[in-house]
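Which chain is which? They are A, B, C and D, in the order written, and residues in each are numbered from 1.
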Amino acid sequence: MFPALRMQGRERTALTQPADEMSKSERPNPLFRNLNAKVASIPMILTAMVVFVGGTVWTVLYSFTNSKLLPRLNFVGLDQYYRLWATPRWLISIENLLIYGVISLVFSLVIGFLLAALLDQKIRFEDTFRTIFLYPFALSFIVTGLVWQWLLNPDFGIQHVVRDLGWTSFSFDPLYNSSIVIYGISIAALWQGTGLIMCLMLAGLRGIDEDIWKAARVDGIPMWKTYLFIVIPMMRPVFITTLVIIASGIVKVYDLVVAQTSGGPGIASEVPAKYVYDYMFFAQNLGQGFAASTMMLLSVAIVIVPWAYLEFGRRK
Amino acid sequence: MRYKLLTAALAATVALQFAGPAAATDLEVTHWWTSGGEAAAVAELAKAFDATGNHWVDGAIAGSGGTARPIMISRITGGDPMGATQFNHGRQAEELVQAGLMRDLTDVATKGKWTEVVRPKSLLDSCTIDGKIYCVPVNIHSWQWLWLSNEAFEKAGVPMPKDWNEFVAAAPALEKAGIIPLAVGGQAWQSSGAFDVLLAAVGGTDTFLKVYKDKDAKFAAGPEVAKVFKAADDARKMAKNTNVQDWNQATNLVITGKAGGQIMGDWAQGEFQVAGKTAGKDYTCLPGLGLNEVIATGGDAFYFPVLKDADKSKAQDVLAETLLDPKTQVAFNLKKGSLPVRGDVDLNAANDCMKKGLAILAKGAVIPWTDQLLSQDSQKQKEDLFAEFFAKPELTVEEAQKRFADLIASAD
Amino acid sequence: MTAANGTSVSIQDLSLNFGVISVLQTLNLDVAEGEFIVLLGPSGCGKSTLLNCIAGLLDISEGRIFIKGKNVTWEEPKDRGIGMVFQSYALYPQMTVEKNLSFGLRVAGIPKDEIGKRIARAAEILQIEPLLQRKPAALSGGQRQRVAIGRALVRDVDVFLFDEPLSNLDAKLRAELRVEIKLLHRKLQNTMIYVTHDQIEAMTLADRIAVMKGGVIQQLDAPQTIYNRPVNRFVAGFLGSPAMNFIDGHLENADGGWRFVADALKIPLGTYDFAGPPVAGPVSFGIRPEHVSLNSGTGWPFSTDAKVEVVEPMGSDTLVWLKLAQQNFSVRVTSERTPKNDEAVTLGFDPMRASLFDTATGTRI
Amino acid sequence: MSMANTTVQTSTAAGARQDVTEPYGPKPRRMFSRRNIFLYGTLIVVALYYLLPLYVMVVTSLKGMPEIRLGNIFSPPLEITFEPWVKAWATACTGLNCDGLSRGFWNSVRITVPSVLLSIAIASVNGYALANWRFKGADTFFVILIVGAFIPYQVMIYPIVIILREIGLYGSLSGLVIVHSIFGMPILTLLFRNYFSSMPEELFRAARVDGAGFWGIFLRIMLPMSLPIFVVAIILQVTGIWNDFLFGVVYTRPDTYPMTVQLNNIVNSVQGVKEYNVNMAATILTGLVPLIVYFISGKLFVRGIAAGAVKG
């Protein structure tokens, strides 16, 4: 309530002063234009400014302090950052995020697109198949993590079953093997997320003019080439929306790791968001957590802000 | 056992309904005691509190303290405090007290003569800040136990070890019999705790204090501690086939004879009890790993956030008194497997292992625990290090010790 | 012309910028009461933008707009006394035709019986009574456009704005509705501002045409004037189908008279009506294909020989392409005897019908 | 094969008969062509992979613990028991509370319904304002919002605790509803904005000439045309909010814990042995609401996505 009132108040004072000097037929104060739209956008503006910008500034500010359990403005310069980048767990987290990110991005797009392309062949039972591919998206990461932890558990899951069938040397325990655990986590992530990507791609494919297909057929272009060189470039907006959804999911990955491995074995499957959470709350070292947050925000900003501005900031 | 718990809970609810709502004040108590033995112990506290005419609203948060504490702290700092909350006593709640968010219990303490009844004295010291008492210790938890499965050793055909070294020697025979020698759950605090126990047991009390109390980094890099790291190296080799996360699942491996032993605090005893196992017959406990019989005075304590509601504040006082009540202490600690914080209670019902603990306590062989010596921040870094150490054989003993020494150098 | 009735819409020094891009530049336009003005130009010339500014759908950067003498520069669209018809009809898909027509009136809180009266009148004028209970999806293109017009009609306003209303229709319907709009205008006598890129619509409908390019009105005149005396090369080239012939050359004064010279081609300009005192220099000589005649004797002030390159029969008449001073040149022939390919012909015309433009500035000389 | 293709293509190009055989291309008709076998074969294999975890969950939840310990996870239950379900719903314990997921279910409903309504109300108005009423600076706010979609929630927990504390809503249901609305806003606003942008602008202009204002156009013109995108938004929000764990656990108190938190509590409150059958039953129960929503409205979802995400 508090910030809201302040914001309105400021606008109101700004409104009244210049309006007095102008006669009615003159250009009204620009703040009056679309006033309803502005009023209606107050929640958005507040969210953007108070929560996202305000929260970010606050976080960055306190990352330069040695705040422990409670935030205190006790500045220590870049100490938290030196420590952060000297911490093996942080470095592993970053590495894992990169691996996980590349896997998610590439496989979600490829699998999602391939499934969509298959479904777009005017097949029978399309609804059934689509529902099957999409249903995991309805489940939370916590649930997804639990199920896959169970399936990949060497004592109960796939490995156990295959060994029971007679292949006793079979080994498939990605969640218990430090060097491949992050791939094991990705299996669950892809299971959960590709359905949505498929839906987006399918929607995109359905938006392609039938004439394009006819033209490609008349020209004798093979189907895969039509997809690759004609259809995919035409689906640019879908790919952009998809990228936003996938990428924002990648940076935020947390629950899935917690539910499947809690970062283990050891610290082999740690991710940055978990580092932030653990250090802020578990280690009761807010400063360190904020420094890690700031690094995450920074990397997000470097990639996203220019792109978002180009994509949404300016219109034809 | 579970049925018993259920009936207890039901009884409590029924009792409340008849107690007359006017006098009853609901008090929400948050904690992270959710395993079988723990839940049974909490039920005792709730029963005792409900018997005073108030109502214990249970706010259990499953997971570990690591999951629960952030939630508790967010709620206290967010202005929606619970009536009382569990913390490990020590330094976890220090800043909350300093920020004036916690209630000063000095009056209740004076009335109940806590300074006289609570032992060892160090327990109350960790509740005291600037001469005022802010928490109620409810139990003494000691980490320094090695729990061994009699069944497993029988199966492997080796005699029950009497200390850590014999245990290590018996490991190959256990492995041969298809038994995991040492169960260490995947959660970071378990490997870290196991190392601390080794430090106190293999290294000795002085080594332990020099590292954690004096924070002597040079010493931590030296040969005394290197010995401990050697032992930790043994431990991780023995534990490499453990595929469980939670500590009680690891304990369950010992209970079922799938694992030879586990280094775990005395709360593991509650699990043996719930499973109907008898100390000495089904399982064996070695305090201080059989090498250095000490007990750390870590444990749980309840803190009481400052509340505006006067009725609730009054109920807080009642709860604080109830928690230290001799009868509650006995009932609670028997279930929990921990030691009571009062020296003046009757513990005839205690089993073998608890009696061993009580004897050590009576001898005064106590050391402070890492919760009291190190900040949460240093604890967490330590956890990260040992989680990695136990899971990653490529991390050499030397490298790990060097990182440990660096950590001690910057610890607070 | 009905200008005597007073000014209906007046635009003064209007500018519109999107950031650094200037879309309309200090534009002035007065529309008389009851006048039918067509804004004509290629896409991107700013004609629709100008219309949207008049409607109040775009905020202008500079200038003022008056409608019926009232400064409406910053009024809401609904308060300007305008009705508007859109290219895509913009019918509300979830409402019936009747609800579509009445939506604006209901918003304005006009009493029910009055709404009913107005809808009945509009439906009668546009002959859409049987369609009133249908949804737009169940209408043909022509019917939708009638409803769209009806929506403007029921508002009972002074000024109608049309934004390329016929572009989405096929050629036949377009011609039909064009006539209907003309009749409607005659019946209602409202001021109408009509945007199109179709010169036939412009020529047939307009009292005056404003030809626009690059956000500037190039010429504002009656259709015939624009056709016959275009003020610059752009207007000359934009109007007319087939397009005007242009020959690049220069203007020189020889033997006491002015003439146009391009290679060996020399056209005396004795009959040409110069816009100002002529000056020697590079010019474009323009003449419409229909103002040239083929093999019709030598009675023309100018005639020359040429060889036919291509013949394009167009139904009612035929377009003959040949080369003049190495530049393409077309002639429109209506006579029954049309030349064959490669045939030698004589062409002749009166330079009075021609237009001369300064090569550098493009303005009429 | 290639011969046939060439002929057919030539004839198509020439505009001749098309009913011979369909060429290469997206829609042949024969039942057991090689292509169909490949197509359906792939789809079925992939579908099995997607169904496997659900199958294991259901099967496990119907087994007794002894059978789980002995058998393999894929084998169907020898003896079907519904006890795990009953236990998961009604009697599983966390600490002292032994009422299973039942309490969490109603809490989740109480949290989800207002959160979904509020977040969609706000986001749809945002999207509409951004698409049709671009006021100065609006795009900047939107960019901030989109960037906000990438901020991990963990980073924002603390600032939000402070904000909620300042406005006095910490720990209350309204507080949680606001938090869900805030974090649902970026993606929803993007969807609504894209959807409204894809509607013909002339419609909006016509309504303005007709005198409808900001709210009039929104309520009377835009809303009746937006069913598909609302379906998408509802599905996304219902699943997102229903499945949320972090906010539910941080911003509520135990008596209002949503189902996911209770699920976590039940799954992690290991009392002796892990009761996998109860865990699986609890897991399915928790996922049931979003699953049902998907099964019912899956078709609309794809259509709505097409409208909201494809046009940009």
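Points to keep in mind about this one:
Everything below uses one rule, namely that a contact is a pair of C-beta atoms (placed from the backbone, for glycine too) under 8 Å apart; a residue touches a chain by one contact, two chains touch by 3 or more.
Just so it is clear, the structure is predicted and the values come from calculations on it, not from any experiment.
Steps from subunit A to subunit D, minimised over paths through touching chains, total 1.
Two chains share more touching C-beta pairs than any other pair, namely A-D. Most remote from subunit C, judged by the distance between CA-atom centroids, is B. The most central chain, judged by C-alpha centres against the centre of all protein C-alpha atoms, is A. Rounded to whole angstrom units, the spacing between the C-alpha centres of subunit A and subunit C is 53. Note on chain placement: the centre of subunit B and the centre of subunit C lie 89 Å apart, centres being C-alpha means. Here the CA centre of subunit B is 41 Å from the CA centre of subunit D.
Residues of subunit B in contact with two or more other chains: 70, 74, 77.
Multi-chain contact residues of subunit D (touching two or more other chains): 157, 162, 213, 264, 267.
Residue positions of subunit A touching 2 or more other chains: 33, 277, 280. Those residues of subunit B whose C-beta lies close enough to touch subunit D in the complex are 2, 5-6, 9, 12, 28, 30-31, 33-36, 39, 42-43, 46, 56-63, 67, 70-71, 74-75, 77-80, 82, 246, 248-249, 252, 271, 274-275. The touching residues of subunit B, when paired with subunit A in their complex, are 66, 69-70, 73-74, 77, 92, 94-96, 99, 186-188, 243, 245, 375-377, 379-381, 384, 387-392, 403, 410.
Every residue of subunit A that touches subunit B in the complex is listed here, in rising order: 68-70, 83, 87-89, 153-155, 173, 176, 178, 261-268, 277-285, 288.
Per the touch definition, subunit C reaches subunit D in the complex via residues 52, 55-57, 76-78, 82-84, 86-94, 103-104, 107-108, 148, 151, 155, 163. Interface of subunit D with subunit C (complex): residues 200, 202-203, 205-213, 216, 220-221, 224-225.
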